Amino acid sequence: MSEKHEKLIDKKGIRLDGRKADELRSLKLEVGVLPNADGSAYVEHGKNKILVGVFGPREVHPKHLMKADRMVLKCRYHMAPFSVPERKSPAPSRREVELSKVIRESLEPALFPELYPRTGIDVYVEVLQADGGTRCAAITAAALALADSGIPMRDLVVACAAGKVEDTVVLDLYDAEDKLGAADVPVAYMPNLNAVTLLQMDGQLSPEEFEKALNMAMEGCKKIYALQKEALKNKYMTTKVETKEETEE
Amino acid sequence: MSEKHEKLIDKKGIRLDGRKADELRSLKLEVGVLPNADGSAYVEHGKNKILVGVFGPREVHPKHLMKADRMVLKCRYHMAPFSVPERKSPAPSRREVELSKVIRESLEPALFPELYPRTGIDVYVEVLQADGGTRCAAITAAALALADSGIPMRDLVVACAAGKVEDTVVLDLYDAEDKLGAADVPVAYMPNLNAVTLLQMDGQLSPEEFEKALNMAMEGCKKIYALQKEALKNKYMTTKVETKEETEE
Amino acid sequence: MSEKHEKLIDKKGIRLDGRKADELRSLKLEVGVLPNADGSAYVEHGKNKILVGVFGPREVHPKHLMKADRMVLKCRYHMAPFSVPERKSPAPSRREVELSKVIRESLEPALFPELYPRTGIDVYVEVLQADGGTRCAAITAAALALADSGIPMRDLVVACAAGKVEDTVVLDLYDAEDKLGAADVPVAYMPNLNAVTLLQMDGQLSPEEFEKALNMAMEGCKKIYALQKEALKNKYMTTKVETKEETEE
Amino acid sequence: MSSPITKVRQRQIAQTMETGKRMDGRTLTDYREFTIEQGVIEKAEGSARVFLGKTQILVGIKVETGEPFPDTPNEGVMTVNAELVPLASPTYETGPPDETSIELARIVDRGIRESKAIDTEKLCIEPGKKVFVVFVDIYVLNYDGNLIDAAALAAMSALMNTKMPNYEIKDGELKLKQGYTQLPMKSHPVTVTIGKIGEKLIVDAAMEEEQVIDARLTMAINEEGNICAIQKGLSGYFTPQQLIEASKLAREKADEQRKKLKW
Amino acid sequence: MSSPITKVRQRQIAQTMETGKRMDGRTLTDYREFTIEQGVIEKAEGSARVFLGKTQILVGIKVETGEPFPDTPNEGVMTVNAELVPLASPTYETGPPDETSIELARIVDRGIRESKAIDTEKLCIEPGKKVFVVFVDIYVLNYDGNLIDAAALAAMSALMNTKMPNYEIKDGELKLKQGYTQLPMKSHPVTVTIGKIGEKLIVDAAMEEEQVIDARLTMAINEEGNICAIQKGLSGYFTPQQLIEASKLAREKADEQRKKLKW
Amino acid sequence: MSSPITKVRQRQIAQTMETGKRMDGRTLTDYREFTIEQGVIEKAEGSARVFLGKTQILVGIKVETGEPFPDTPNEGVMTVNAELVPLASPTYETGPPDETSIELARIVDRGIRESKAIDTEKLCIEPGKKVFVVFVDIYVLNYDGNLIDAAALAAMSALMNTKMPNYEIKDGELKLKQGYTQLPMKSHPVTVTIGKIGEKLIVDAAMEEEQVIDARLTMAINEEGNICAIQKGLSGYFTPQQLIEASKLAREKADEQRKKLKW
């Protein structure tokens, strides 16, 4: 992260986008948005727009990845070419490969893979617009899509970053803060189980700052967790109606 | 297609290469030219030089493409690096992928895929020299190669383009007309069944011009169809002698 | 090979690196250097530093390469990105593909593939530093690694190049001689069987020079052969001690 | 629901069509309802999302600078790319574009290019050296048939929504100025795909219907009613008569849509 | 020995750890012995080989010239690449880098980059046009666990061993001069990976141990004891309490190593 | 006929050779009949098709402009590429070049390059900046053994048929002038491949014979009878004595061919 930039936070502690240090960006969560997927969700987190589709449990491809004693979770994090300022080639970048891995590992602790041996679940994340913190928004959406698909889960996974901008620990960095700030700490969390399933960091933090950022991120997670539950409830009511229609068909 | 160019057709309706509007380029068709292939043909259509080899019915690779109830037709249209003015990379271009698809779909209606379940036929098109209208010449040659391989066919498929140059609808565009003309309409046709199996268009045509071009292309197809049959007859006579030799061996 | 260069060999027949025409570079051979491999060897030949690991006989991947009546030998010659003056991309170059093939073919005559049907042996060559003659040093090391893995061999394979520098036939060219010299003749040889298993040539040689270079290379091979045997003997003694330790564990 | 359908269901769909009707109540020449949302990706230079029945396609436009092609030194460049992303259907896979997505991109490309929809001469910055490059990225989000018409509609809608930066050339260097200009458009082609099943012609085949049609014919039609691009697809054929009939039907439907779209 | 281990063995390893011990006699927070050899590839601009137990990693550094990134026109460029070459383990395969090697490279990259270990501003030759590019190539030669710490150690050791050519700019052209300069370094991060098994935390997991741990946490720590990069890995989780505990342990072990290394 | 042959047939071929004869009536050191057609691809700068028995190879040459290699700034560039296109044999597959086609291209390349067949210094347009690049593309159209000799013959025949454009440099820009010049050639290597079966040496192995030979030795021989390139192939070996014998035979056959070819 570069050190030269305009002031990202003013003397009153207000950030360039008007938020206070511990304030989340606006969020919009929708569940069951893709007719063909077994589960799906759409999240707008700030200007991030992310769509997730889940398929499975189904046959594993290629076959040699199948496990006799458990379900295999696969995950692809992918950015649309038009999601970023300079057009991104559709071929997977090294960054996308790494994020696919850490997102998968952040979701796995929520599942019961031994319940569905010899099968696979595929989680497809499409970033339609990126504005800093896409991996967190992707995890939040992926957990909703998994829940929507109906497979049992220990808890929802929810993710949010904290970080450091100028000398202040702040919640939920957007693009400019991510690029120009001093540190970014994405965290995924299962509130009911008190389990952190993703933790990364870029930048520099003292041990105290790290601890503060971690706690702030978990507080953010808890707020989003409430929204996740609401989104699922809304979808459940909608689904009931839709299901009825389809039965009559 | 660009609009600025020298005159491609003069006041008497004679084209730059000396042809009349509804005149075909010279054609040379040969059948059974490749010893290793199950069927093969070589076509010179104007300056296009195209070689087609057919293998099968044989095992399908990769296996997951095999169909339990029918034969699978695969087709690869490929240009030699030296076939065009600027050397072409041997890796398949998007254009080659699309042409492979439309050529395959233009041949499929001639076959009885249900006769050979669990097998595949491979049609390999190699464009050795390109001069406009390669997809049509490729289809004409591929139908001959399929017939040469001995599998039953409803009819031969034959292809020819018509198009518009300046304000005139013309038959069988060559390279310069293709690049500088106003429209190009490649058509593949089974004359006996009165069935059009390929139709594409680039450029702009009024509905009347389109109808005229379509009819002109089909007339061209019928002329080439006669040449196809002759080429097969010639090969048949030759083959009989060859077969005898091989039996004695 | 270019013809313009500084004098590579002086009037007294001494080469730029101080060697006489028929003198080998220094050699260091070690066996059993990689704990995870079934067999391994490390060779320093001049400034070449080459590591070879052997795995097998084991299952063949991909499966369609398996042979019902014999073992399949696979070989990969690979250069580390930092092994050459200008960083080499990790993707295999055409040169590496060719060398993998000729190295494999130089080792095959030493094996009894019919003894291990339906299995495969993998030989992985990693060039850590290159200084001319890497394929020869790789073969010398690969034969040691195969012997270390315990599979039966007709003989060790040993390799060394001869060539022509200015007007002199010389042994064991290093990088500058390879690039600026008149010819390079890498030779692999099984001394006990008097069998040449690799022979290539770049440059120009009269038939007499070729014969002289071939003989000089084989003489070089015989010297290295003695070192190979010693390296194996040393390892055998070491291994016995190590094995004991592991048993106690 | 989205997997290949049974033979029984296929027969049912085909038989219903023989009677001039369709499973979802449409006549043979009815399109499904469609909606267009423009500007859904604020950070892209242009975008549009189209819903056609349950088919859902997002197109994003990026405008960058680059070199012109040697044979058109005074014209900007357009490239079209399509991705059938795997969340759109259980049958889609990750990996490089296959023949289906390449054909889709090339049909949409041809309709826009041959109708000269974009005024590419106005995208030239410095002849032979620097031009604007317009990237049209088609993203299929849910597959329920007739991707071609939906993608062409989304691509045109996104282009009509596209803004490009104002600029000036100072000392041979491109300098961005305040504000944006609308991407210059010269024509507005409408793309219509006709399906053939037995002797019948239908429009806007849904996914299930695409599994029973023999062949399809796509036409891009411009304001003057001229045809700008054609693509026959699938393993069946058309008689010449059917082609003429299909081209007439395509022009009628294009007209109809053009009125709705007010293009 | 190097293949996936049996369930029985896994249980044995885990149970031993429960008692605060490990199969090879170490305590839970002991590193294995390590040795560093610098300059082993004379022809590379820098190199180091690290043995950590039986894990063996070679890092080679190439310094070339290239263009800076547009957003940092005054800074040189560093790129890190990792190859798990197939002679390092019977489970490694040839082919393009997989997610394991990409993650390894990116973790090492992040530790060096975020701690500003290399003084990249001193690698600028001509702002915006020409800079030195430092290629860090990680070559795993034998896999016996804890690749991250070993690779980070080898990468830093190789960078500290790196020489780059002296040069001057004459008439706009880069001219090499006699002699070499040490690659300018500003910081020396130490990277420590903590494994979690049940309620226990361990350091420097060997290959067998990596098959029984639930999750791992990697931290790069600089001279001031600040954290410069973190990566949680594997399919398990940490409680917030464990994370704090792990970060404390990581800093202690980093301190310990820093003293040994005299960095 | 073109598939791998039976063990019985293999034995038969080998036993016949033991008697000094071959299945098709040739002696061990007879080449099959060959024919060369030059200029078959009029639009390419050069081309030739060679039939050697039933083996059929087409080589096309493209001449373009590009940059020289840094270490030979005054010389044009030649690159050789070979494609075993799938219509040439039921065993050939589509896809990127495999080791067989790469080795074929590199052997042909080496023969031309090491004999300095092309006068590459005459291909320099502007030292260090612009030179002619000669692309030699080998296209195997039917495989019936001995691809190396047939490809080398076709490549040389195509190069000798190659014309390059006249040009001048005006104001630092390359300008094409009327007319063409012959590609400048300095040498005309002939390539001969010897097969070894048991104690026998044969030339020009047909496809079936290639399945029974132990090893092959290829030599490119120039006008002076000097050897310019060698490649041993296949999984067998030669004794040093056989190598000397084979090299003598290769030179004899090269002489013989050179007379026929009038090179």
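A, B, C, D, E and F label the chains in the order they appear, each numbered from 1.
Definition applied: a contact is a pair of C-beta atoms (placed from the backbone, for glycine too) under 8 Å apart; a residue touches a chain by one contact, two chains touch by 3 or more.
Since the structure is predicted, the reported quantities are computational estimates derived from the model, not experimental observations.
Common neighbours of chain A and chain B, by the contact definition above: D. A separation of 58 Å divides the Cα centre of chain A from that of chain F. Note: centroid distance chain D to chain E, computed from Cα atoms, is 48 Å.
The distance from the centre of chain C to the centre of chain F, with each centre set as the mean of the Cα atoms, comes to 27 Å.
Within chain C, contacts with two or more other chains are made by no residue at all.
Of all residues in chain F, those that touch two or more other chains are 97. In terms of which chains touch, the assembly is arranged as a closed ring, every chain touching its two neighbours and no others.
The touching chains form a single ring; listed from chain C in the chain E direction they are C, E, A, D, B, F.
Across the interface of their complex, chain D is touched by residues 1-2, 94-95, 97-98, 100-102, 104-105, 108-109, 185, 190, 193-207, 210-211, 214-215, 218 of chain B. Listed in rising order, the residues of chain E touching chain A in the complex are 71-72, 97, 99, 102-103, 105-106, 110, 114-115, 217, 222, 224-240, 243-244, 247-248, 251. Residues of chain C touching chain E in their complex: 34-37, 40, 47, 49, 51-53, 55, 58, 61, 76, 78, 80-87, 90-91, 122, 124, 126, 128-131. Contact residues of chain F toward chain B in the complex are 1-2, 40-44, 47, 54, 56, 58, 60-62, 64, 81, 83, 85-90, 93-94, 96-97, 135, 137, 139, 141-144.
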